[in-house]
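Both of the next two complexes hold chain A, though its partner changes from chain B to chain C.
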Partner chain A sequence: MSYENQFTAHTQLKLSPFFKRTSKLNESQEWRRWSGFLAATNYELHHENEYFAIRTKAALLDITPLKKYIIEGPDSQRFLNRLVTRNISICKVGQVMYTPWCDEEGKVIDDGTVQRLSENKFRITSAEPNLNWIQHNATGMDLTVRDDSVSTAALALQGPNSRDILNEVASDSLDSLKFFWMMDTTFGDISVSISRTGYTGDLGYEIWMDPKDAIAVWDLLLDKGKSFGITPTGLQALDIARIEAGLILLDVDYVSSRHALIESRKSSPYELGLGWAVKMKKKDFIGKAALEAEVVRGPEWDFVGIEIQWHELEKHFRKAGLAPGLPSTAWRTSTPLYKGSKQVGYATSGAWSPILKRYIALAHVKSEYADEGSELMFELKVEHYRKLTPAKVVKTPFFDPERKRSCLA
Partner chain B sequence: MPGVKKYDAIVIGGGHNGLTAAAYLSRAGKKVLVLERRYILGGAAVTEEIFPGFKFSVCSYVVSLMKPNVMRELMLPKFGLELLPLESTFTPLDNDYLLRTADADQTYREIARHSLRDAEAYTRFGPLMGQIGMAVRPILETIAPNPIRPSLSDLSKTKKLLDHFKTLSSEQFEYLTKLMTMSSADFLDEWFEYEPLKASMAASGIIGTFMGPRSPGSAYVMLHHYMGDIDGAFRAWGFQRGGTGAVSMAIARSAEYFGADIMTEAPVEKVIVKNGKAVGVALENGDEYKSDIVISGLDPKLSFLKMVDESDLPSDFVTDIKNFRIRGSSGKVNLALDGLPNFTCLPGDGHHLRGAISISPSYDHLEKAYDDAKYGNFSKEPYMDIILPSVLDPDMAPPGKHVMSCFVQYAPYDIKGGWNDQKREAFGDAVINTIARFAPNIKDIILHRQVLTPADLESTFGLTEGNIFHGELSLQQLFTMRPAVKWADYTTPIKNYFQCGSGTHPGGGITGSPGEMAAKKILGIWS
Partner chain C sequence: MNRFDVIVVGGGINSLITASLLGKAGKKVVVLEARDQVGGLASTTEFAPGFRCNIINDTLKWIDPRVMKDLNLEANGLALIQPEVVQVTLSENGEHISFNRDPRLTAASIANFSQKDAKSWPAFIEYIEKLAQFLERLYQLTPPELPNIGLSEILPMRLMLGPAFKHGTRGLVDLMRVAPMMMPELVDEWFENELVRSAISMAGINHLSFGPFAAGTGYNLLHQHVHGKGVFHNTQFVKGGTGELAQVLASVAGSNNVEIRTGSKVKSIDVENGRCNGISLTGGESIQADRIVSGLDPKNTFMNLVGTSNLNPNFHTQLNNIRYRGSTARVHFALNKLPEINGILQDQMKTVFSVGPSIEYQERASDSVKYGTIAENPTIEFTIPSLINHEFAPGGKHVLSATVQYAPYHLRDQVWSSKLNEQLKNNVVRVLDNYIPDFSSLIETTSVLSPKDLENEFGLTEGNLNHGEMTLDQFFFMRPTMSTAQYKSPIENLYLCGPGTHPGGGLHGTNGFNSAREILKG
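Our next item is the complex of A and B:
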């Protein structure tokens, strides 16, 4: 056996085109798997600075592991309009739409963004591989589907200073780019597309590029971004930010209907708080009939934000002689929610929000208990003992700064 | 029109405690007016653009003790409270350094580089201090009872506290007693051996006091600094995005949201007292405002020796206030920099610039600095607590430039011959020279320097004798004694005249606590 090999995960996992840089910057050497890629958990020993980069400076994240598909051809609009629940026929060139898509039973398969790159060309992003599902449904249509996951590299630049940095680097001003729109521009002689999208609920952009330009783009951003506080950021910080933004995560907050082993694991868009993204006026889309029936009978579940009430939480810990034990990272353990002695839901992810100073979580709650202000009991463990502590249903996004949508020009 | 509008309450001073009291009273539906002497709100928690493009947290520069319930009840995050972590403490030495970070393993390894024994002790020390901080916390959160003539509620409060103390372990009790009585140097000697570590930790026991690390009583001040709590983690310091002025502005916006009126450039001349009762205030420009009650956010000296006539107060109380120790001992130097300081012992940019930089190489360094002050001079080589706000929040300075905040001790208020421009600059030079000992490039990168002596802190910010805590945090000036026995519950000998500044329980720092508890006391009296 040879011990001469340098550290590389190449033979085991995929490496993003940014890995040459990210691997050198990752002081903690903590990595997670993300769609078969090695993705930084946090770059520093603690994610705190990276979290605050998202909210007060600018965070740079490698999001290459996202699944990406290019759908091109005369029927591409008609096809996507059938595939997803949003109305793609009103999506203009240069516009981006967030949408879930469902199976025929109206249960969500995945969620992502649809970018209209030109009249007949779209890019759709997803958490899981969807090529099979897309191709399967495109049968007979005049279009091509191409897996773009590896052929396009992507970075997210998120935070209040992200626009300033891009304005330093890009040949065109970002000032008038609206929320959920995109543009093509160049960084020197490198062509990139920039969409004003992200997974943080803050002012932020995602930059799409040819993998051969990845290192040059990374270096340029870090160099020009330095005085604006640009910070390479890992998934742990992102996880807190996305919970604050009330954004769901596949396999954490819900299970794809394509992988759910039992019926009860599946969720409709209504049951994930995505009712707003279901456009019933569309003539037809996959799952429409089932969703119409669900609207009539009323969805069984709702997906809500809850806030664990501080005062009582603190009391539980004080009784044990401890300072309030707050999670320092986002958690993903399903946690029961009660009304009286009856379990009426479960929280799927939660975090202490350092910016809001509130303990928040995302939860599935039976519809009749899911109204705003509804008071539930959240299961908590204090020194090995289970306790119930009050939690209230509140509006999401928990954190929604004006800068997320506002434009300068 | 002056005198036409009548308020339920008038708050003198738009510092963070005055604003907190105003916000709480407004939240309870009272009509409140805040009167601030300066053009800007915040008192000592203020951000000013002293040099174009460079924002300075002019006086108070870090946040730790801000009470979580105040943040929540006044919805401060909604109004702009954003606390960024100060993640490390860096002690530069002549040929080495000590860098403590938020990561326990990293810190263990770093201290072990100097003393294996200390590295191990350090892992026990922090949690123990946290537990003791928690044990003391109920005192901080109790309105001080009147020990001379206790009311029924005073007795029940006292019983509650006694019951609480019964729950302390004998170890906690032992250390609590030691902390209340010992010097920080003696206390730390029981734990550690590596001098720079001990000195850096002891430094938090002298901040804002006229004591050295070997003065008895300094251990308590150290504990006071351990009681900080951000997000439930004890001993975590934070930096407010936009500077400490942004904390004050968040509280001001909250107060306005609840309906308070706030006026700046409205210096109050006197509290109007009629038949032993406060009935309003008179401004320096002659305007008068009437109100049911008046609350002073000023320090005890100003509240009682300036805002009202001595003849309106009992003579023993006047004596107590006159004896109240408020000796200023610190100055502030704020620098606009063209780049980052480069420390000889740890060159370049890095984590060590993202936290506190403590100029505290040894006990002797601190004690000698104190010796200078004892005899009426500023320290030739002062102790400093330095931060670089622009590293944490790039908006504090133009891109690529930086601001540096240096808290400097000692600079006695009563300096030989009095403070003047020449002495101020000499003091500034001593500070720069001391920094240059560790980061020689500092002299080449200074674009602007603001030097604040205790005399400046007094004249600009109304801090009597330049004392940053509105009175020293020494044992005889705490809890039921702050600022005077019988009048430690925010009431005063003048009916309808109240106090809510840092000179009241539980004391200084950006806590919001005196303001909150004063408001709660007042609301209790009102109902």
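Our next item is the complex of A and C:
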């Protein structure tokens, strides 16, 4: 990897505070747009090394483009409880909760995490801008809403060595920090918050900091992480990891109810496999009445993991005189799923999992065909021709290492 | 005991009517009024020692005949005074047009300005009366819940068949043409003289934040003439002052076993899981009831009393989008003697005078709303209520009350203050000086109510006297919002009865009557 590249192209996109470093490290100069920021697709010419950094070493990702909002004030807990589907009153200071939020018809608008920074202060992260929705629903409540998207920079350090690296850098030990909890610490004289969260389903952390400290933190991590195999990682590697972890992505696996042109594009949390995150015992929240009705009715769709069966897949290619063709990157083209001659669902993202050696995908399937073990047919293209090949509904996450949740102390 | 069948929040005209009708139907009802007297926009008070005024409305344009009959208002002491001259439109050069109950007399007055216009007059008022008859029927209806319209919504619509048969499709087409019109277009089709044109236009801009060139002023004009029985600029005074209307309604309510509590300010309508069963007063007291009816405007009812955290996001958006934008102010003058009005005899003064001598003058006055300033030359409607009710002023002295447009609630780079109230008063005095010689020298005391004052004193959002602008996008099934147009609301057990509902503002009581009917239905 060359460190001498100079990024000279002009861009209208926003540049993250890490850009001074990432632009020079990005050997491929492949970039994607993420929330108006320029974000690295991969740093090397192929993402494989970055992917394996996530699973076997430590991957460093610039996640500053995430939308972040600070909700602060006496009514902040009451407000968030009304906004999101999870029960925020049991979220302790220093705890983080993943949750979707819905419109009043119970259809998902976005999903993200809620961090309880103090008794009356929260940070909520989201894929898309949500300031208007948050402010609209916060009218009349005793709280302030602040867009924190630019005022806080963030890095994800993901992979089995991530804790060891942070223990080298941070003044406090990370050994006892539990999954979906966070702590404040310092890197030398730089204050940071570290949450044990991520989008990889692996042991991993997200580091939240003042943008003015961004470069120093980046340099420190790369320096101390060198012997642990720290690797700047782009979105392509992340995409495979998040599919293995069974984590959904807005605009890929579902459409925000705010943008859906037609009703059928909208999904309730139940239809996205997020029923566990809907807390019906909570007094009232946006969409509750509609979701209660849906529970009675039974959700129409389920969101499941499927595994495309290897032997049959191989057979299709063999017939064409080819070795099995597998996607080298994660794909996001909607792909039909059949039961007999009837289409009963569609896969929205899939990938060959290098670590599992399985061809996996995330799919919307009609509830009656969505039970674990259910056998469906997956549409496959072999040398320009469409084929159907068996796929089985399996449990997600596909990859769920024990280290994701375990603590050392 | 603090347990009622129905709590009515607010003690205005509609609240009292709803309460009475519910009480009459055997419900145990309490009315909670924040001020120390009931009546709301129909209130009379002493504004200076010895001088009384009708705080907001000097006249009733029309009153729902169903209310008159069902509550037997006449027998219960409501005395309406119907002047022969209903309005006098003043011109800057001392001439005027008298609008009379008898259209021939009006035509004769118009003939001084234009023979042609005088000839058109009978046909014009017949035309307006025809269109108003459609609204009369429409106003009796509860608007349908769209888009889920069913037989139960369509059946009551047969009320509309009466005028439709009487006036044919042509009548309906005319209504659809005139309602969205602007004033200059309407008068272009009938009249040539500018004073005549402007006199008609004044009805179209009544209490609006727009000028006569705004689409939909046609509808506002028709709204003023419902139940007008063919009298253009129909006007009625109440013997004893407009506040008497409220007093009569309160006594009728009392005889229907309605309990009225004044000085009881509701702090919140208490909602749990989308349902309300009680209210809390600012004093800390809670009162329970099966149903709550609010005569307050939608913003006060839902945003302030129910609380936005209990509203669905969509409904919340709809509420945010209701336009209030009060632009009407009231100025009361205590005068040391009866003013002289140029060209008007002393016995012609028991009426309403209007100052807005050309459509352009009116439009320019309305421009101030756009620019967030007080109109330099406002349009003014004034009366001398002390001529109608002598007890309004000490012997020989008089009161002149003016309704002034435009004085917008939202000002640019400034907020309402006593200094601006003074400026508003000065503008009114300067304009009236052109019509009343030496007017300023007659003034003993003045009381100014800006839209901000109206908001503070009467809880009117942005000082809007109609609880929401009277425009076509806030009409019928869209008033106050699509989801609350049936006098009920997305909050279970919470109903509306104020002017924010169909058919809008004015001291006519139709809202209260329709609301009571819906509440008794279920």
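The rule is simple: the second predicted complex is superposed on the first by the 398 of 409 C-alpha atoms of A that agree within 3 Å, B and C clash if a C-alpha of one lies under 4 Å from a C-alpha of the other, contacts with A are read in each partner's own complex, and residues count from 1 in each chain.
Just so it is clear, a residue touches a chain if its C-beta (ideal position, glycine included) is under 8 Å from a C-beta of that chain, and two chains touch if they have at least 3 such contacts.
Owing to the predicted nature of the structure, the values given are computational and were not obtained by experimental measurement.
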Which superposed partner A:S118 touches (first chain B, second chain C, both, neither): neither
First (chain B), second (chain C), both or neither touched by A:T186: neither
First (chain B), second (chain C), both or neither touched by A:Q135: neither
Partner chain in contact with A:T144 - chain B first, chain C second, else both or neither: neither
Chain B versus chain C as contact partner of A:N161, first or second or both or neither: first
Chain A: partner with more touched residues, chain B or chain C: B
Which of chain B and chain C A:G229 touches, first, second, both or neither: first
Contacts of A:S171 with chain B and chain C, given as first, second, both or neither: neither
Touched partner set for A:T333, first chain B, second chain C, both or neither: neither
List of chain A residues in touch with chain C within their complex: 75, 78-79, 82, 103-104, 133, 136-137, 139-141, 283-284, 286, 289
Chain C residues touching chain A - in the complex, by the definition given at the top: 272-274, 303, 307-310, 312-314, 316-317
Residue numbers on chain B that touch chain A, as the complex places them: 68-69, 71-72, 76-77, 81-85, 87, 101-103, 105-106, 130-131, 134, 167, 229, 231-234, 241, 351, 354, 393-395, 399-400
Residue numbers on chain A that touch chain B, as the complex places them: 44-46, 48-49, 52, 55-57, 161, 226-229, 310-311, 321-326, 352, 354-358
